[in-house]
Amino acid sequence: MPRLAYLGPEGTFTEEALRLLDPTADRLPCANVSAALNAARSGDADGAVVPLENSIEGAITTTLDEFAWGEPLVINAELLLPVQFSLLARPGTEIPHIKRVYTHPAAITQCRAFVARELPDAVVVSAPSTAAAAQEVALPGSPYDAAIAARIAGEHYGLVELASGIGDRSDTVTRFVKVARPGPLPPATGSDRTTLVVFLADDHPGALLEMLTEFSVRGVNLTRIESRPTGDGIGRYFFHFDFEGHIADARVGDAIAGLHRICGEVRFLGSYPRADGLVPQIKRGTSDSDFAEAAEWLAKVRAGEI
Amino acid sequence: MPRLAYLGPEGTFTEEALRLLDPTADRLPCANVSAALNAARSGDADGAVVPLENSIEGAITTTLDEFAWGEPLVINAELLLPVQFSLLARPGTEIPHIKRVYTHPAAITQCRAFVARELPDAVVVSAPSTAAAAQEVALPGSPYDAAIAARIAGEHYGLVELASGIGDRSDTVTRFVKVARPGPLPPATGSDRTTLVVFLADDHPGALLEMLTEFSVRGVNLTRIESRPTGDGIGRYFFHFDFEGHIADARVGDAIAGLHRICGEVRFLGSYPRADGLVPQIKRGTSDSDFAEAAEWLAKVRAGEI
Amino acid sequence: MPRLAYLGPEGTFTEEALRLLDPTADRLPCANVSAALNAARSGDADGAVVPLENSIEGAITTTLDEFAWGEPLVINAELLLPVQFSLLARPGTEIPHIKRVYTHPAAITQCRAFVARELPDAVVVSAPSTAAAAQEVALPGSPYDAAIAARIAGEHYGLVELASGIGDRSDTVTRFVKVARPGPLPPATGSDRTTLVVFLADDHPGALLEMLTEFSVRGVNLTRIESRPTGDGIGRYFFHFDFEGHIADARVGDAIAGLHRICGEVRFLGSYPRADGLVPQIKRGTSDSDFAEAAEWLAKVRAGEI
Amino acid sequence: MPRLAYLGPEGTFTEEALRLLDPTADRLPCANVSAALNAARSGDADGAVVPLENSIEGAITTTLDEFAWGEPLVINAELLLPVQFSLLARPGTEIPHIKRVYTHPAAITQCRAFVARELPDAVVVSAPSTAAAAQEVALPGSPYDAAIAARIAGEHYGLVELASGIGDRSDTVTRFVKVARPGPLPPATGSDRTTLVVFLADDHPGALLEMLTEFSVRGVNLTRIESRPTGDGIGRYFFHFDFEGHIADARVGDAIAGLHRICGEVRFLGSYPRADGLVPQIKRGTSDSDFAEAAEWLAKVRAGEI
């Protein structure tokens, strides 16, 4: 039974994601994303589950930067988890009693309308995570009357759900990934995604256009691009890319090798089944058999056998 | 004398930036970026100064999203401010006494080596901002012994600087921008930057490549690209672009009009002098006079006067 | 009644094209393409009709080079003429008598199968043009027994048509153009073609890709590209382009102005109705109203009225 | 001793080229380009020398079309031959006697100024080739007084050179190629050229841009592009490409395989040393070792060994 580290404490959305990604795994809650990934790196865990991006908040930059700079880890699965916030309180509390609410800033942003409507006089205080907020509220002497967190957090800490689905948007989603130390890759399924980090060799104008052309010329569609600072001053960035396909696919491997040739460094972060199950349209001339046939043809031509 | 809102409280790096951008302005500290921008929008202030990106932490996403979604504001100046952290304490405190340090999480990350070396036994607690940490530490009964913050915060709150320049990197920089309600633009200086937000019309593969081509075909160099979620689900993004030149430049205006034609929405966020003073190399055929001469030639040819 | 010069003598395919392009024009046969174009330039004629390309032989390079280097002329109409060869002889001649055939080399190539099958023992001799061949054969003492030429040539010179449609392919087509001295252009019809000559400023690698990008970024589709030597040595070329649309179209004018900016010289050779009547698909964002709307928007943004 | 067919008769510029390309070869003059190439195809000769392009006249389209449509032949050498025209006559003839000049139309075009100045009253008649003109003039009863041809033609047919270097331009050059039946290729020298014919799969807008991108993305520079009609109607073309490098070069092979994947048919016409000896600049990331290193890296990543 594998042991998976995750962004804790118990009751986080990440725990919910982990349970869906691997229901039977042993769960090791960690204080933050870095700690969870370090547990996977050190062998304290067999892998880790961390959030990568949220449909409202955007990229989880700690995750991006850990993937880019830390000891290598490779994504082997992803999950899209609808984010449903609940208003949680100690048994006996009723909504009119609530004067102080504790939750993570992202939840403050995303539940603004509910709070304005139902808790107009409450003070909302920032917590390190939604689960930590629930944990705190569960303490008998807590100065807070309620937490906004995942329902699972209420179950963990013995809180009552006073309201559910209180986010301003009902379709908010967080994308989680499961990572492990480098090793054999999950096989290609026909509906895969690949994630890379790319550092430029020299930051010349047009470098990004050149990178995108390496993808487009092989018919590989990008699904996400994030720029992150290299730390060497404003205006110096590296890039995270997600794109359709598996590195075992000829067109994907060829595009990645092309990036590797023209860029300073390419760090492979995994090829894994897409959570949405979409099967990409393969552009004319870019299927595996097209590549194989072209390589065979080229070998013959080079050998003088036209 | 203009009144400028800024990300407070007094003593933030943003205040430092504001003082450099407009030494004589009245200063209105605000609780957060949104509040500062809203003060500018509502007329409570004539403008606002907010951070846009940091060379270690990356984009300030609240700022990006406010610029994209809120009532329009336009950048009219930028500043690159070296970020120097100081260890600040109440008079009489010495380093060996420090058991609890209070600061913003970004400062925790950026001063990790100093803390590990000089304060190995101290607990470091997250504060909403570095200035708020200094403010709290200055209170007589504060549970914290020291703050990590800007020197200016120490001056504001009567703290002593026990150590300065304690960041792991000495070259960390934050980029601040000064914004105002839409109105006449600062004139082109020859060393300008322009900022845009672009929403896609339809999120087809290759849309980003098409946008970059609109720039490159007119010889306009990008200096920053950020993708942000539209809120409509994972995989749906809009883009922030910074690039060389002023919208009054023919090549820049033409590129922006091209984006406007092929994209869903383009929001102009300002053309303003570059803080680094760099003068871009104008690619052959893309100067204002090249555009003017070509327009004149085209008009003649269309009129049948070859 | 206009007077049009053409590639003579009487009975050429060019005469046939001229009669279709302008049935009522006075016709001035000329010895060669250059002479016909010079008649138009000098005012001896109001215009000229010359062949531009053939679906088997390709470009008529004399025409291309005259258009590029000679005094400017502008195309105002085009015609696609099916090329039907006939075997023509003096009255009384029968196929078995034919020992010597006279015709233009292009006709020799294109009627190879007929000659091999029906005239296996005949000698075929090169003539300056098919019409000149018919003219010669019509002379009483001619050493030649038959000509291969257009039916119209037989009618002109009193020859009998012994066989018709004798080309190896029944679908051969020649494209003719009508030109005049520069003046007001034909109005845009929605189904137009534009022809240009472009000389490079400096023959750097990638120059052709840059030119094609000026077209593609405005959604303008090329229909023909020909490279021709500049005369300055092997490896130095200039380019003829045909593409969809009229110079009065915003997207076409913008693309041409773009070429004018980045290239050494652009010579406009006309915008005129397409002979095939095809109406191009306008790519999103490239219609005249898209350009007008974008220009208006840009003007507002530049004026600070967002 | 190899036997090489060439465009005859004796005394052509092609013979001159052949003698320079292979001084010891047996020479087989042929009536035209097709006959020379057919001699190589059938085994009557070991190869052939034919003209490919001229710096004034442009492509020799018969050669291009034979290479594209006929039984495959492969170029193994090229030569750039300065074209020097001489005025040749039977012994005893002097310039003032010359009333009728015989020569190939290309020579008529290229010696226009000399003829206008020195032979203002002479009639100039078209010959099938400059050498055939010299051969004819050498006949005792010839109706022609002089030929314009290569000096070598005068030597062959016993004519006297009355004037030399009579072309309007002194720098006219013809490019000749030596071809053979398919077999082992000449090794890469570091200064090579490769020639291809490419047929489109479907003639969509942007197809040419896509082909050029296959080259540019691998840093392969085009040196010549010619479009030729497919025969299937105006507007349907295939393409001849010359570009820098040898098919054995990784970047060149990769570009050609890319074309093979996206195009209808690619016909390889040879990789051979450049006559001008230029050594191309290898763009960053496109050397053979860059490709080898990237392939090795990709194999490791695919195997899970990061």
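Note that the chains are named A, B, C and D in the order they appear, and that numbering of residues resets to 1 at the start of each chain.
Methods note: a residue touches a chain if its C-beta (ideal position, glycine included) is under 8 Å from a C-beta of that chain, and two chains touch if they have at least 3 such contacts.
The structure displayed is predicted, hence computed values, not measured ones.
Undergrad: On a C-alpha centroid basis, what's the spacing between chain A and chain C, in Å?
TA: 60
Undergrad: I'd like to verify one number: the distance from the centre of chain A to the centre of chain B, where each centre is the average of its C-alpha atoms, in whole angstrom.
TA: 25
Undergrad: Can you list the residues of chain C that touch 2 or more other chains?
TA: In chain C, residues 213 touch at least two other chains, as defined above.
Undergrad: Testing understanding: with touching defined as stated, what is the shape of the graph linking the protein chains, line, ring, star, complete or other?
TA: ring
Undergrad: Which chains touch which?
TA: Every touching chain pair, ordered by label, is A-B, A-D, B-C, C-D.
Undergrad: Going by the contact rule at the top, pick out the chain A residues touching chain D in the complex.
TA: Of all residues in chain A, those touching chain D are 72, 74, 182-185, 201, 213-214, 217, 247-248, 253, 256-258, 260-263, 267-268, 284-286, 290-291, 293-295, 297-298, 301-306.
Undergrad: So in the complex, which bits of chain C are touching chain D?
TA: 53-58, 61, 80, 126, 128, 169, 171-173, 175, 205-206, 208-209, 212-213, 216, 221-229, 231-237, 276
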